[in-house]
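You will see two complexes here that share chain A, one where it goes with chain B and one where it goes with chain C.
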Partner chain A sequence: MFFYYLDLAWRSIKKTPFLSLLMVLAISIGIGITITTLNIYQMASINPAGERSSKLFEVRLWSQGIDTWSRLNQQITYQDGFNLRKSPVPVRQTPMFMTGFAVQTDDPEFTPVLENARVTDRDFFGLFSVPFLYGGAWDKQVDSEPAYQVVISEELNKQVFAGENSVGKTLYLNRKPYQIVGVTKTWNPSPKYYDVNNGAFNDAEKIFVPYSLAPTEEYQSWGNNQSWRNEPMDTYAQRLASEAHWNQYWVELDNPEQIRAYEEWLANYIEQQKLLGRFEMPDAKAEIADVAQWLKVNKVVPEDNKILVGLSALFLIVCLVNMLGLLLAKFLKRAPEIGVRRAIGASQTQIFSQHMVEVGLIGFCGGVLGLLWAWGSLSLLSAHFELEDALTQLGYSMWVLAPSIAIIAALLAGIYPAWRICSTNPSVHLKSQ
Partner chain B sequence: MLSMKNISKVFKTDLVETHALREFNLEVNEGEFVAVTGPSGSGKTTFLNIAGLLEGFTQGDYFLDGVNISNLSDNKSAAIRNEKIGFIFQGFNLIPDLNLAENVEVPLRYRGFNAKERKRRVQHALEQVGLAARMKHLPSQLSGGQQQRVAIARALAGEPRFLLADEPTGNLDSMMARQVMELLEEINKAGTTIIMVTHDPELARRAQRNIQIVDGQVCDFTMYQGGERTIEKPHLVTGSQEPSNQDKVAS
Partner chain C sequence: MLQIKPILSTLMRNKSGPILLLIQIILSVSIVANASFIISERIDLMSRDSGLAESEVFDFRVYNFNPETDYGAQNGRDMTTLRNLPGVIGATSTSMTPLSGGGWMSVFTLGESEETAKETEGAAIYYGDEQMLKTLGVKLIAGRNFFEEEILQGSPNQANLGIVSQAFAKATWGDEPAVGQVFYAADFGQEPVEIIGVVETLQGAWVNNSSLENSVILNVELAFPFTKFLVRAEEGTLAQLKEAIPAALHRDNRERVVSGFKLISEHRKSAYRNHELMATVLSMMVILLLLITSLGLAGMVMFNIERRTKQIGTRRALGAKKRDIISFFLVENYIICIVGGVIGALVAVQLGQQLMSLYSLPQLELIYPLSTVAGLIVLTTIAVILPARKAARISPAIATRSV
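== the complex of A and B ==
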């Protein structure tokens, strides 16, 4: 029966091509806009760490003094970053911050380039499951005994070494020679959850250097720096010893026991620091947040996006109300034919189904066309408004979502017209012929 | 086969109540060919619509083939219409977008027959009305008489026990009308019960039994004895004993 209804629906659409096109357009525009905003929303709220999301935790510490910041800050101080590494609890852990270098090679022809870099421990690569193309991370030892070693990204490797295996080669960072130990395979979590302070949808850094080198090399912070009090920051040593927040800290905890143990360890740490005169707030505390919580805390999905999705859904409803009117006109014009069908044995249910199938078909066409609109508007957004690529890529789920929403929406709009036509008394229309 | 007792039908609109049928009584036996006449507005179409389960009634009892028709669900009455009843309308009421075969196929679709069975029945029904060769034509490509024959084929395709025709020849000239009438007579001969509303006394006279509806009631009740079929089916004579209308029976 379904295919009979589908056949009838197709004939009906062909019979009134203009009206049908109008309805398909109405619904497709609504769907196009809804899918566009939904796509941006979904892409922004995607959890980039996947299944490891619940094992990775960002650490925050209430190290600020009394009467300053009223909530936990997203970053921590260098000294806390340095100290937290001593905890035996986490499976993996790493402090980090963002910096940048002028990059050069042995090749005098090579024009130096300026690149972002991340200063971190070896565990960074394990924590975030960074894949390697060549080589690997530096040895654990380097985290305590500084060595001039560097991991670079596939992209930089292409740019500088034409994509060859560059492990063992030398890269000059701010004129200092570093030995390349690993080349990461393209890796670009979006959002860049391990450091949302510095552009949640920016690309990952292309250079990684050991955290242990920071005091000697005096890496400048290229990221956010937050201070809650005035302190002298003339020398790098002063900066390292300051209460300014410019480091991030991530740990991997595999089970609830570890989580509890680590929270306890952090509480003890704060107590110790209080003895040293830091953490002045009486109820100073530590908090850890897994990736999903972390993205929420940082409002990586801005409130605006939700409003936008809501607005576009409203717009879709307007489109549907339009469609409802058109459907009603179209269906009621067909009343005499339906009268005949009823007279020769079609039940109300069958007539209702026939019309719902027709509406569903229109919805499906609208959904497919709407997907095209969404694709177009996303390309336009990325071309003219410099929205990040990660947000304007049409997600695969939209291929299913768009037609589904369209069909459901169309069916909703079709219920009343289909009910009207199936419940009118057939004899009335039989006489009128 | 069809039994209506004290059926009444009231149409209520904002201003007026129309009593389309009042204490309407009728028995029709299997195999009869009943012609219904009466002045315009007397309730003939209303009676036919009620008989065909297209419309409900306000009061009374209606049994069709032993089934009590009051309070049937829509699904059930649709199924009865589909399986037991064939309709023929004055305006033919073919679906203009469907070709002849597809038009005839419509009731078979709702009946749930498979493609092969549908094809066989469509072929057979169109052959019966002599239009099998024009299967792929659209209704608009046919004359009125031919369209009515297609409508008859559509009514026949489901092999109904019961054919209801509302002025089937009303829109046709006398030649075409006669053709259609002959077709109906053949169908009746093959065993299908027919109730036909007509304004044409000539045609009415050809039926075995005439009833007249005046003002919503069965008023005149005539057995037309001229045809040979009354001799073939003598039981119809007993069928003429319309219980509640005996006073109105004319000889």
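== the complex of A and C ==
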């Protein structure tokens, strides 16, 4: 029966090509716009930590003085980053910040290149499940007894060592020799949730060096540095001892007990620091946020995207109302024909389902065409605005979502016209034949 | 003459079609009014003047990675090299680039005494030398530029002379002349800076910051491993200078990386990219929405004409002119359009209120829903007249044919 209805639907569409085209266009444009904005929104709001999202926590501390910042800062100070490492509670934990180097090799012909780097502990790779192509992270020992070891990315390995296994080789960072201990497999979380300070959709760093080397090597911070008071920062030692916020801190806590224990540990830590004259605010506190909360705190999904999704949903409704009107017109025009069919013995249900099939077909065509529009507009937008590819790739879910929304929307719009046509009295139409 | 009464009774007799049209118009008006308001707000943001010769000025950075480098002396030599390159109009080292999204910003301290000291608004800080004004292409409107011998080298906190943007001068000292005033770069009494000049416009780095127009130029050439340079060169010479500059700088010292050449106009494009994206997508939406609404309207009119063929023929037979037929359809749709427009405008204001409370959008201005309704009336006229002319051609004989 379904295929017979499909055949009828196709004939009916061919009979009124202009009206049908108008409907397909209306619904496809609505779908196209909705899918475009939804795609950008969805890609921006992906939680890149996946199932580990609820186990990874970013730590923030209210270390600022009275009458200064009125909110928790996204980052913490170096001294706090250094001290927090002493907590026995977390399964894994690491402080970190961004720096950068001029990279050189043994080859004197190699033109030095500038690369961003992350200064961090060994646990970084475990925390964020960084996959390795060759070798692995440096030993735990390096975190307390600094050694000139480095982990590089697959990309940099290709650029510098033509992609061969470079573990054990020497890489010069700002003229200092470092031994390569590991090469990570392409790893580029988007959004770059572990540090969203300098663009949430930037690429991950290509070089990782031990945090323990920071005091001796005096790595400059290439990320954001925020201060709530004026203090001398001429030497690196002053910077390390300052109240400036330029480090990030992540911990892994596996269960609610650990979370509670860690929160308690942090509260104690603040009490201790108060005795030392820091954390001047009477209600100074610590807060931890898992990845989902962290992305929300940082407003990784721009407000604009939400407005666009909302407006495009309204847009889709307009398209549907438009389609509803046209369907009504189309079906009522066919009323005499339906009158004949009813008179010969077609039941109301049959007429109703016949029309719903037709509407569904229109919806499907609109969905497919809409997907094309969405693909076109996304490529146009990404070409014109040099957007990150991550934002403008048409997500796989959209291939299913677009036709589904289109068909469901079309069926919703079709219910009333189909009901009108199947419930009219056949004799009315037969009379005027 | 307008036959409102028979039109109304026609509308009442067949309600579903007009009601659908009404809903569509209400929604369209509320979307279009809000969207065009957001679009114009973004366009206003994007059209703010940076005060610079944007297509002539570019920045790049030099990273001296040998820690034994005397950064101050090196920068001095680099600047001389740059200024002697063909095509270069001016060059200076800088702490930041306008519109680049990264840089220095701070508040300063003002006042007569420690007790009455207060803070200024935040301002972008450009550390540079006497060629800064020439390089950026900004206009000095009061006071003077730095003299070459007044430029200091090294750490930023030795700055003692400043040139401020007009917006910052106004925000800080009101109508008093800014030249000759003093502020402190640290706490009260520490690191005093005397204002020697005011430039007309100089924007900071962050286009979404409320103090974008507040800028201060201080008389220090920074000496850090990382140095950013601003260069103004004749338009179109960047491609060639991109090669010439690293080559010339490497001739002096090979142990550095020279990279990141970018014109201010490109910085502007990246800085406003999200706003432009929003405005583009919304414009797309508005145009398509109007298209769909008018096509839907035309479709409905066509359908009505077919249904009323006999009625029209009868009226023509009874003496109605072609004009009357067209005006019947026009008035019918104007009624729907105006009712829908008025309700739509109210919904638009409500929607605007919602958006304002949820997001950081300003209040919808009334002119937007009003002009949307006006535009809609024009659109209705076009969408109705075209098919209605066909209706007017229906011959009176039709009426008699099948009776």
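Here is the rule we go by: the second predicted complex is superposed on the first by the 433 of 433 C-alpha atoms of A that agree within 3 Å, B and C clash if a C-alpha of one lies under 4 Å from a C-alpha of the other, contacts with A are read in each partner's own complex, and residues count from 1 in each chain.
The definition used in the following text is that a contact is a pair of C-beta atoms (placed from the backbone, for glycine too) under 8 Å apart; a residue touches a chain by one contact, two chains touch by 3 or more.
Just so it is clear, the model here is predicted, and its values are computed rather than measured.
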item: Side-by-side fit of chain B and chain C on chain A, or clash; value: fit
item: Centroid geometry (CA): angle chain B/chain A/chain C, rounded to a multiple of 10 degrees; value: 90
item: First (chain B), second (chain C), both or neither touched by A:R11; value: first
item: Chain B versus chain C as contact partner of A:K306, first or second or both or neither; value: second
item: Touched partner set for A:G345, first chain B, second chain C, both or neither; value: first
item: Chain touching more of chain A, residue-wise (chain B, chain C); value: C
item: Which superposed partner A:G126 touches (first chain B, second chain C, both, neither); value: neither
item: Touching partner for A:P215 - first (chain B), second (chain C), both, neither; value: neither
item: Contacts of A:G65 with chain B and chain C, given as first, second, both or neither; value: neither
item: Shortest span in Å between Cα atoms of chain B and of chain C, once chain A is used as the common reference; value: 11
item: Doubly contacted chain A residues - partners chain C and chain B; value: none
item: Chain C - residues contacting chain A, complex; value: 16-17, 20-21, 23-24, 27-28, 30-31, 34-35, 38, 63, 65-67, 155, 186-187, 190, 225-226, 255-257, 259, 270, 273-274, 276-278, 280-282, 284-285, 288-289, 291-293, 295-296, 299-300, 303, 306-307, 355, 359-361
item: Chain A partner contacts - residues on chain B that touch it in the complex; value: 45, 49, 52, 54-55, 74-75, 78-79, 81-83, 86-87, 89-91, 93-95, 97, 106-107, 109-112, 154-155, 158
item: Touching residues on chain A, where the partner in the complex is chain C; value: 19, 22, 25-26, 29-30, 33, 36-37, 100-102, 112-114, 174-175, 220, 230, 234, 302-304, 306-308, 311-312, 314-315, 317-319, 321-322, 324-326, 328-330, 332-333, 377, 381, 384-387, 416, 420
item: Of all residues in chain A, those that touch chain B in their complex; value: 1, 4, 11, 15, 336-337, 339-350, 425-427, 430-431, 433
